[in-house]
Structures are given as C-alpha cells and as structure tokens.
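In the two complexes below, chain A is the common chain; its partner is chain B in one and chain C in the other.
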Partner chain A sequence: MELLQLVIGGLANGCIYGLVALGFVLIYKASEGVNFAQGDMMMLGAFIALGLGNSEQAGLPFGLAVIIAIVLMFGIGWGVERVVVRRIFGQPQFALVILTIALGFVFRFVAGSIWGYTPLVLETPFAGMNLRGGGIVISVSDLVTIAVTVVLTLALWAFFAFTKIGLAAQAASQNQMAAYIVGVPVMRINSLIWGLSGAVATVAGVLYATRGAIDPNIGLLGLKAFAAAVIGGLGSLPGALLGGLIIGVVEPVAGRYAPGELAKMSPYIIMLLVLVTRPGGLFAQIQMKKV
Partner chain B sequence: MRVVFKKSYDPDIDLHEHGWSRGKIVVLLGIMILLPFFVGEYYLAEAANTLIWALAGMGLMIAVGHTGQVSLGHAAFLAIGAYTDAALMNVGMPFWVALPAAGIVAGVFGAVIAIPAVRMSGIYLAIATLAVFVIVEELVILLEPITGGVGGIMAPTITFFGISFDRYGELENFYWLTLGIVALVTWGYANLMRSPTGRSFLAVRDSEVSARALGINVTRTKSLAFGLSSGVTGLAGALMGHYIGFFNYELFSIFISINLLLVVTIGGLGFIQGAFLGAILITGMPQVIAILRDNLNASTGIDIGSIPGLDTMLFSVILILFIIFEPTGLYGRWLKIRTWFEIFPLARRDMFRRQKSYLKTERMK
Partner chain C sequence: MSLLQVKDLAIHFGGVKAVDGVSFAVEPGEVFAIIGPNGAGKSTIFNLISRIYEPTRGTIHFDGKDITGLKAHDIARLGIARTFQNIELFDHSTVLANLLMGRHTHSTTNFVQNMLFMPKVRQAERAHRKRVEEVIAFLELEAYRKKMIAGLPYGVRKVVEIGRALAIGPKLILLDEPASGLSVEESQDVAFWIEDMRRDMGLTVLMVEHDMSLVTQVSDRVLAVANGRPLAMGTAHEVQADPQVQAAYLGTPGEEAA
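Take a look at the complex of A and B:
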C-alpha cells in the first residue's frame, strides 16, 4: 500500500517533469536548440498565475488567471525568440545553451524582485481536496496534473504529426536551408514554437504550484526535467513524458528505501546509465552524422 | 603590418611569431613577478585569485575552446582537485606531491567520465557533465571522513624547503607560487597547441567526420582533451582551496561552472589569452560593481545593495550581450582593433563579417 501511494505521488510529480521536458523537446524538435531557461520559464509562468489569481494580489478567478498567464508567457517566449535567440541564428549550438542559462538567471532575478524570495502558495479551487479508497489517499491536484499532462501530450503530438505548421517545424529542424527553399517561414515558426513552449511551461508551473509553495528557485527543477528529456531521447514527445514518469517514480521510491543522498542523485544516475547504454536516449533520434 | 622574413622552417613551428611577441611575454611576466612590490595586500590577493581563475579557465578552454566539448560541470573537477590536495596534505603529504596528485586524480576522473561521454554529441556531453557535477557534489557530502562532509575541510599551509607559502601570512610567496604554476601550465598549453596532439584537438573541434577521415582516433583525442582539461582545472581547484583556506561543498556550486563558462566565452573561445581576459573580467566585475554601488549610495542615496541577486543578473546580461554582439569575446575584439591599426587606412567594416550558416540536423534518417 505504501509503495502504491509513493508511486501515485511520483506519477503526478513525474507528469510535471514530463511537462517541462515537453517544453525542451518542442524547441529541440523545431530548431535543434536546447532551452536551459525552460525551468525558469515554468517558474515565471507559475508566478504570473499567482500574481493574477491570488486574492491579496490581482484577485482574478483561478481559471481566468491561468489563461491570462498562459497567454502572457506565450508572448514572453515568442518575444525571447524574436529579440534574443534570433540574433544568434547559425551560431554553434552551445552558444544557445550559454545564452539560455543566462536568460534563466535574468528571469529568476525578475521574479525575485517582483514577488520576493519567500515561498508563496497559489490559491486553487481544489486545494486540500482528497479522494480516499482502499487505504490510499489521492489528492485531486494529483489527478488534475495527470489528466492535464495526458491531454496536453496528445494535443502536442497531434500538432506535430498532423498540422501543417507542425510538419513545417519538423522540416525546419532537419535542414533549415532546404526548408527555406521550399517556402517554410523558418523564423516565424521558431518564434511560434518558443511561444508554445512558454505556454506549456506555464501549465507545468501552475500544476507544480497546486502541489506546494513556490519560490524563484524552483526553476532548478528544470535540470531534473532535462534529465527526463534526455532519458526519453531529446526530440521525442512520448519519450519526454516517459522519462519524466521514470524519474518521478524512482525518486520517492529511492528516497524511501535507499539512503537520502542516493535519491537526490537518482535522476542523474539513470540519465548517465541511459546515455552510456543508449547514447540517443530510449527513443533515439540521432543516426550517423553526415558531413 | 609586420612581415616575417623566413630563412628556415623553424619560424613556422615556433611558439612566437617573431621576437617582439616573445619580448612582450617576457615584459608581462616581469611585471607580474614585480607586482608584490607595487601593490597593497588587498590587490595582491585579488591578483592571485585572478590567476587561479585564469588557470581554471585554461582548463575549460582546452575542452570548450579547442576541442569543442561543452562542459557544464567543471566545478566538479575543481572540487575533486581541492579535496584531493587538502586531504593528502592533511595526512602529511608535502605540497609538491599533493598538487600534482590533485591534477592527476581530477584528470583521470575526467578522462574516465569522458570515455562513455564522447560517444555523445555536443549537447548530450554538456548534460552528462552536469549530471556528473550533481553526483560529485552529493559524493562529497557522503564521503565525510575524507572531505569533512557538510562541515568542510581545512587546507593546510603550504611549506617546503622551510619557506612558508601561507595565504594570509606570506601572501607574496603564495602569489609567486601561483604565478609560477600558472606560467608553467600556460607555457605547456601553448606548446601543446602546436604539437600533433593539439592540432588533432582542433581538427576534432572543426569536424569530427573529417578528423576521422584524416586518421585521427576521435574517441581517444576527445577523452585525452577532456582528461587534460579536467586535470588543469583540478590544479586550479587545489590552489583555490589554499586561497580560500577553509571550504565545504558549497564553494563548488553550479554557479562556479557557469562562471567558468563565462570566463572562456567572454574572454574569447579558442584563445589562451581569452582565459586570462575572462578571468580578469570575472574577478574584477564584483569589485567594480561594489565601488559603483558605494558611489551611487553616497551621491544619490539609492541603495542598490539591498536588491538581492543583482550581481548575478548583471553577469547574465553581460554574457547575453557578448554572445549576441561579440561571439569571439574580448580577445576577438582586441584582434579586430589591432588589425585596424596594423593595416591602418585599409581596414573595412565587413572584414570580420561572419559567414551566414544554416543549421543542419544531427538526427539523420
């Protein structure tokens, strides 16, 4: 029973890792860049929702606050691509890595100066509601997290598999010049994808905030989500979700049955094991590189 | 513009292009040696700190600048170096055993990590090093008998031949020791880059496939470069431990890794000089910010010191501006200015224009 309880909590946690990892994968799929600020975008999204929705701040209804936060973060993601990322177009990959790490610090500073560094709690309509049955307690926020994640993953998968823009984004990532030649608006698609990943990050952030207090340093969760994306194989949407779930479940189980430090290391140990045995992740996307 | 008249093949492989550049290095070294006689205690300590950062920066430069392997976890190798050195000296080993041992342990660890990691391409390696960093950080806490765990460890005073190199008591001696080590490593590094091994690093950086086609063992080259890189960083870690005196795992945070990346990127990727320029910037910036803050507070009454995290934010903004506007870093900017003067009336704006490049996928089907 105890194990089952741990696994259910872990699954909900894993969904959040998975959602942040989805943000990584989105950008990787479209431009083969890696956005290390994804965790901080999640943090910023959560704080915007909190600033709009909490009664002592703007005091909007929960649903409306979340929707406005998603729209705002879409704008921020889009703007970041437009203003900063586009300028380093064509530079080596790691330039973007360093750039986004720096951006993450800027986001953290902005959130810290507006909302302070003490943990805050997001007011949600389903706070403290639990379902009981057979000796297990499931909180409603866990269920909401899992449901939203499943729906969002399916929607994004359909977006890339069936819509014209999704296909164009994949084409742009495989060969930018060829995509240009056949008329794909590569720049515009990149902006759109960054906006989209900002929106996904906001959803992840709000879900994270329903499960506990948030402060500007929760963006460091992005590292674990990153491990999740790598375990699944960067560039694979179901892979990211699976990676998130693996990490989410292993972490509390290891924390219960193994020494404390091992639980903290476990996401990274799993990631290293996967990288060593299957360098491209579980759903590998990398084949031999061409000259 | 200087024209070097070559009468034999030696100038082609010489470390210095011409006598004047050799002279400049000698003058610079001379000034650095005489520095303790001109500046006060505080600035001398800062100079020693800058040299240590430059050493660590050179370590990362081998991997990032010259072999094209991004590492987000070099703080781990600093930590390994610092702890190895301090632990060996605490059991009574002399400094001249502990320091090389620190470099070797960090280097071997780095090379072992690199063997599986080099199978991964670019971004995956960066992530793997990040994971290694987290694991090393937790291991430091776990291995309490050696590392002192959360409580921390004391780096003993360096003495050999009866001379004390204490960081607080005999700061000049400590400074000269640091300078000597940094100068030796720099000399070795510069020579490495003109040897076949160093050239193969560059070949691997520019194109792995072409390097393999030219008969370079890519895996061996990459892990050798990574091992050397982490070894040099380990040396810097050992010196940093002595410089700080008493430290625990918190000294080697992820921010140190990022600051190191800042050193090599802002300094100028692919240039040894870049590591030094970057180190000067990163150790000098907090001082400049502090002075500005005090002035602002005294003259206008605005107290920006009360805003937490402002330093980190400023660093980040500088980094972003450099990546966007001057990706070749400070040294690249200096080269452009120098060229402008050297060929004076002939310089044109588009001379250093970057070639437009397009992204090609690494996921080929």
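Take a look at the complex of A and C:
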C-alpha cells in the first residue's frame, strides 16, 4: 500500500517532468538545440498564473488566470524565437545553449523582481483536497496533474498527426530544406513551436504550483526534466513523457527504500545507464551513420 | 512569353563570385539543361531560383511575375518544384508520406476541420492520395509505398524526390543532376520520364546535369557555364562544339604553364 501511494505521487511528479521534457523535445526538433530556459519558462508561467489568479494579486478566477497565463507564455515563447533565437540561426548548437542559459537568468530575475524570492502558494479550487480509499490517500492535485497531462498529450499528438501545421512542423524537424521547397514556412513554424513550448511549460508550471509553494528558482527542475528528455531520446515526444514518468516514480521509491542521497542522484544515474546501454535514448530517432 | 526569365543574375560570397551575370529564358514546354564543370555555379543558380539564396544582383521572373523578392516557401505555391543534388527527403517518413507532403500547398482545410477529421478533410485527403497514386504509378514506385526513406537504396530515393516534386503539381520542375549516381538503366528511365513529363504532363524542365548522353537525348537547349559566367547557349551539339566550352572542361593549351 505504501508503495502504491509512492507510485501515484511519483507518477504525478513524473507528469510534470514529462511536460517540461516535452518542451525540450519540441524546441530540439525546431531549433536543433537544447533550450536550457525551459524550466524557467515553466516557473514564469506558474508565476504569471499566480499573479493573475491569487486573491491578493489580480484576483481573476483560477481557470481564467491559467488560460491567460498560457496565452501570454505562448506569446513570450513565440517572441523569444522571433526576436532572439532567429538571430543565431545557422550558428553552432552551443550558441543556443549559452543564449538559453542567459534567458533563464533573465526570466528568474524578472520573476524575482515582480514576485520576490519568498515562496508563494498558488490558490487553487482543489487545494488540500484528498481522496481516501483502500488505505491510501491521493491528493486531488495529483489526479488533476495526471488527467491534464493525459489530455494535453493526446491533444499534442492529434495536432502533430492530423493538422496541416502539425504535419508541416514534423516535416520541418526532419529536413528544413525539403520542408521549404514543398512550401512550409519553416521560420514561422519555428516561432510557433517556441510558443507551443512556452504554453506547455506553463501548464507544467501551474500543475507544479498546485502541489506546493513556488519561488523563482523552481526552474532548476528543468535539469531533471532534461535528464528525462535524454532518457527518452531527445527527439521523441512519447519518449520524453516516458522518461519523465520513470524519473518521477523512481525518485520517491528510491527516497523511501534506498540509502541516503541516492534519491536525488537517481534521475542522473538512470540517464547515465540509458546513455551507456542505449546511446540514442529509449526511443532513439537518430540512426547511427553507417560508414 | 518565357515561363522563366533570369536576367543578369549574380551572387557573391565574400570575394567569390559563384554566379556572375547569368541570363537565360526557358520557354513553356521546353527541356533546358545547364552544364558546366564542378564549381561552375550550376546548383547555385538553382538555389537562387528556389529562393534559398539571396542574389547580389539580377532578377528572376516566373510566369510574368517577379519572384526575386519572395521567400523559399512561396515558390512551391507558384508552381516551381525541384530536386536536390544530394537528395533532401523526410528520411524518417514513408515514401507515401513524402509524396503527400508535396501536396502541402494544395491543402485548403483548416485547423478545426483537421482536428475533427470532418468529411471535407476526408474528401480532400482522398483527392491528394489519388494525385499521389498517379505519381507512384508513373514512376513505378508501387513496391516502396510504405517503406521508410532511410532504408531505401540511393537510386530509389532519387526517384522518390522526383515524385515529390511532381506531387507538388508544378509548371516548372528543376532537376539537379537527376542521373548522378544512377546505373545506365536507371538514367535511361530518367530520360524517358523527362520526355513524358514534357509530352504528357505539359511540364517545363530545367535541369543541371553532367551526363552528356542524357543532356543530348532530352534537352532542347543547353547553357554552358564556367566560373559563374555563361559560356555558350544552343543545342547540345552546338554547345559541345564550342571552343570556349571545350577549353573550360579540358583546359586551354599552355594554361598549366601559366
């Protein structure tokens, strides 16, 4: 029973890692580089929702605050690509790494100067509510987290599999040159993907904030999510989610049954194990070049 | 009126004049070939026409319209399709998906209709599939329909790329070395396809090619370029007989000493 309890909480945590990892993968496919500000985009999204929704701040209804936060973060993600990232198009991958690390600092500073560095709690309609049964307690926010992740994942899948824009994005991620000549506006698609990634990060941030207080440094969670993305294969959306779930479940279980600090190290241990045994990740999309 | 008109086209990369003052016009229904030694600027001319490169000077008119200022993704919609010398396909997708992607600019259904897979979307998908099946039949790709590009032999990938260009439904098709790396039989197929494209589909073909037997067989006119500059224009035989062209390929006597 105790294990089941840990697993459910871990799955909910894993959903959040998975959603942030999804953001890594989206941008990796669009801009061929890693966005190290992904965790900070999550943090900023959560704070915008908190700023709009909490009664001491703008005091909007919770649902409306979240929707506006998602739209705003879509705009911020879109704008970051349009104004900053596009300028380093064609530069080595490392340029994007440095750029996004700096962006992360900017986001943390902005959030810190608006909302301060003392942890704040997002007011939600289901705060503190729990379900009991069969000897375990499940918090409603865990269930909401899992349900929202499932719905969002299905929506993203449908978007990429069936819509013209989604297919164009897939095409651009596979071969930009080929995408251009069949008429895909690759640059516009890249902006859109950054926007989408900002929106997904906001959903992750709000879900994270339903489970505890937030401060401008929660974006460091992005490192664990990055490990999740690498475990999944860095080019695979289902892989990113699975990677997130694995880390989410292993962490609390290791915390309970394994000695000392092993729980904190577990995401990176798993990542190293995967890299050693399957260098392309669990859902490898990059084939080795046969020479 | 010419379908494609290129006037005084030039692009300089720093001090390198990759293309420097090339002009030519391709008439509707014509097969026009550009030949020249390696590094002559042939593929660069293609990249300028398909708007991947920004010209330093000069203009490109297609179907009476100035396309010099357009973006690379606008070109397919106007009716210009192309292949690449080094094959640019969606490697992790099937042959069918690659060809269907060629129909991208013809898709008129919107986001909500797509998400709900409404009847209109199904109808449009059937029409696109029908068009793509015609291309598959024409290029005899039936056996590869559901195969991933990444696992296919070079020659087949080359044909798939021609197929994707045809699926776009173009007026003008640019073929960048369609016969390079192909066996004798395969390049003979390419020659027949080019003739059929012109005769049965009413296409205009502009191609870059090294294989002179293919060029002689299919092209109406040939433009020879070297070092980014035009050398000679005329029928394949006229151009091959031109002393400047021969010098560009073989070197002029005494050049080595200089």
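We take it that the second predicted complex is superposed on the first by the 288 of 291 C-alpha atoms of A that agree within 3 Å, B and C clash if a C-alpha of one lies under 4 Å from a C-alpha of the other, contacts with A are read in each partner's own complex, and residues count from 1 in each chain.
Throughout what follows, a residue touches a chain if its C-beta (ideal position, glycine included) is under 8 Å from a C-beta of that chain, and two chains touch if they have at least 3 such contacts.
Everything quoted here is computed from the prediction, not taken from an experiment.
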| item | value |
| --- | --- |
| Which superposed partner A:175 touches (first chain B, second chain C, both, neither) | both |
| Chain B versus chain C as contact partner of A:167, first or second or both or neither | second |
| Which superposed partner A:117 touches (first chain B, second chain C, both, neither) | first |
| Contacts of A:268 with chain B and chain C, given as first, second, both or neither | first |
| Chain B versus chain C as contact partner of A:105, first or second or both or neither | first |
| First, second, both or neither for A:157, with chain B first and chain C second | neither |
| Contact breadth on chain A, by residue count: chain C or chain B | B |
| Where chain A meets both chain C and chain B, residue numbers | 174-175, 177, 180, 285, 287 |
| Residue ranges of chain A in contact with chain B within the complex | 31-32, 34, 84, 87-88, 90-95, 97-99, 101-103, 105-106, 108-109, 112-113, 117, 173-177, 180, 223, 226-227, 230, 234-235, 261, 264-265, 268-269, 271-272, 275-276, 279, 285-291 |
| Residue ranges of chain C in contact with chain A within the complex | 50, 52, 71-77, 81-82, 84, 88-93, 101-102, 104-105, 107, 109, 111, 114-115, 117, 150, 164, 168 |
| Residues of chain B touching chain A in the complex | 64, 68, 70, 72, 116-117, 119-124, 126-128, 130-132, 134-135, 138, 141-142, 207-210, 258, 261-262, 265, 307-310, 312-313, 315-317, 319-320, 323-324, 327, 354, 356-365 |
| List of chain A residues in touch with chain C within their complex | 158-159, 162-165, 167-168, 170-171, 174-175, 177-186, 285, 287 |
